[in-house]
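Down below are the structures I want you to see.
Next, two complexes with chain A in common: one pairs it with chain B, the other with chain C.
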Partner chain A sequence: MTGNRFVTQALGEYTLAGLANCSAEIVKTARPVNLNLFSIKWPVTALVSIAHRISGVLLFLAMPLLLYLFELSLSSEAGFRRAGAMLASPMPRLVGWLLAVALLYHLIAGCRHLLMDMGFGETWRGGKAGARTVIAISVLGAILAGILLW
Partner chain B sequence: MSQVLVSIYRYNPEQDSKPRMQSLAVDVPGDRDLMVLDVLELAKAKDPSITYRRSCREGVCGSDGMNINGVNGLACITPLTKAAGPARKLVLRPLPGLPVIRDLVVDLSQFYEQFEKIRPWLINDEPPPPAERLQSPDERAKLDGLYECILCACCTTSCPSFWWNPDKFVGPAGLLQSYRFLADSRDAATAERLAELDDPFSVFRCRGIMNCVSVCPKGLNPTRAIGKIRNMLVERGT
Partner chain C sequence: MVTNATSLGRSGLFDWLVQRFSALVLLAWIAWVGTGVIAAAEFGYPQWRALFAAAPMQIFSLIAMLSLCAHAWVGVWTVTTDYLNEAHLGKAGTAVRLLTQTACLLLTLSCLIWGARIFWGNG
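Right, the complex of A and B next:
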């Protein structure tokens, strides 16, 4: 008898708690969230971080193309010339330059990550200086790659 | 007297289906600088329905954290001139990434849940000595830059890793407090605390973006504390 009452009570509580949870869930999802990324001011460290990710995605997406060109250039002497000819026209050359810049940037920003993992540049001042250094080296590298390509 | 244009995020769940921005011209004294909270009070005098949290008005209680011209901060200790600049325009939005209850008031439940997860109290089962548990000055110095956190949530709500995983990533404020107890010579639960953090999300979602460090009104550095935890986890053999 008492056992039964206990079960009924427990069940009642359980359902009530469940209902409360449900309504809390509904209220929560109905509430707006302020997450307009354009209304937020990004410090240089955040820009370097998101650019690191974007350059990584870009390189990943370009991999089939690069592998195809690599394979073609290794297939034969004629293949090597064909791959060279493909990269000679202005548009593919621009794409090649962009990918080279992405690779360079991704590499340098990655090295900054490694340095930070070792405890360098973890202060706010150091973090900003590191981020600015990554940008400076990448811009220089981009110009150098451009000069080499054209 | 001079004028400041204040744009405020407004949302009243009983009236609005979605949030909107309200613009108000507020007269401020021209001879001295005000804090953003003072301007907000002047705006509230014009429109009493504007809702926000505030208490101590001197950067100690941490209740008036909000997004001021795109940067999280405490309204009470952010000078108007610094926030608005020469344009004299103030944009006030609630802390990003958390559900808005009304206007500038957000639901901090997820933030507190993560804080609770790290067990923010001293764990030591040994019987306490008659007077107190002693620390050397060097041991005590390790807690500097950690214990000062006022839990205003400015850092955690500026963190993209927290926005995308508020239920799994502990976030900068929680991790700073976690390290505060990991670094405490009197705490005896270091191994258990580390074991609780040893998964791909709790700590390792930090990408070193440093938004947290850039906004902390107390000048604390969660990125460095997270780095220290990461090193402890690696040394432990993750």
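Right, the complex of A and C next:
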């Protein structure tokens, strides 16, 4: 719902004015088939949406790493200690924090999706409020995860 | 009706439902594991191993692995079909998308089988 509105708004602001000068025939053939995402405004709902995708792809790529850690930590007492010790050095700890934040964000933004499927926050205002809530909770969670890790 | 050959269930509504159902399974699994870690009075290797050793948990973990892979595939499919296409990449779009999707599918299936080995073989 908000996605459609986003596209309509973007079209309204940046292309329809220009198209108004064209003849109907040109409009038919030279219709914009692709929006340049870097030239249009990003409402908070669009930011939350793209971040949901980026965090999802990041977690997807991290699956082998996470499985490796599960395998190592469950293999033996020594493996469990080694997995724990990995988080002690700065770079792996940063990666761990990033993945924890990605997972947390993906979970919270996903819960917003489920709530919207049930009809909550589907309006433009509700969508924006929900998106801001997702960001607020995620920032708090990221800080908390940082405190726990460092 | 046109159906896409690479989507999970060849139906948008089916994929939509799979995405929601698997999300709930994963949420429940993460909550269960998280609670197990936090609630343990003393947390170490014995507690960590015991958490995954019980038969019901092995089944739960396997369902979570299946959910993770279905969830990942629907998500990766959505993202790749949105960005890796002829509108963005020109004529090479379809080839790039299919190659990327093949790599992602191989990674997903490998993780599914690896995950099954880790969580199932831990009796």
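As a working rule, the second predicted complex is superposed on the first by the 116 of 150 C-alpha atoms of A that agree within 3 Å, B and C clash if a C-alpha of one lies under 4 Å from a C-alpha of the other, contacts with A are read in each partner's own complex, and residues count from 1 in each chain.
Operating definition for what follows: a contact is a pair of C-beta atoms (placed from the backbone, for glycine too) under 8 Å apart; a residue touches a chain by one contact, two chains touch by 3 or more.
The model shown is predicted, which means the values in this text are computed figures rather than measured ones.
With both structures placed on the common chain, the touch criterion links A:110 to chain C but leaves chain B unconnected.
Of the two partner chains placed by superposition, only chain B is touched by A:46; chain C is not. In the superposition on chain A, A:122 contacts chain B only, with no contact to chain C.
Using the contact criterion defined above for the overlaid structures, shared-chain residue A:60 touches chain C, although it does not reach chain B.
In the superposed model, A:73 makes contact with chain C only, not with chain B. On chain A, the surface touched by chain B in one complex and the surface touched by chain C in the other have residues 33-34, 117 in common. Note for the complex: chain C touches chain A at residues 20, 23-24, 27, 30, 44-45, 48-49, 52, 68, 72, 75-76, 79, 87-88, 104, 107-108, 110-111, 114-115, 118-119, 122. Chain contact summary for the complex, chain B toward chain A: residues 9, 11, 13, 18-19, 67, 69-71, 91, 93-101, 106-107, 158, 160, 163, 207-211, 213-214, 221, 223-224, 227, 230.
By the touch criterion stated above, chain A contacts chain B in their complex at residues 28, 30-36, 39-43, 45-46, 49, 113, 116-117, 119, 122-124, 127. On the chain A side of its complex with chain C, the touching residues are 33-34, 53, 56-57, 60, 63-64, 67, 70-71, 73-74, 76-77, 80-81, 103, 107, 110-111, 114, 117.
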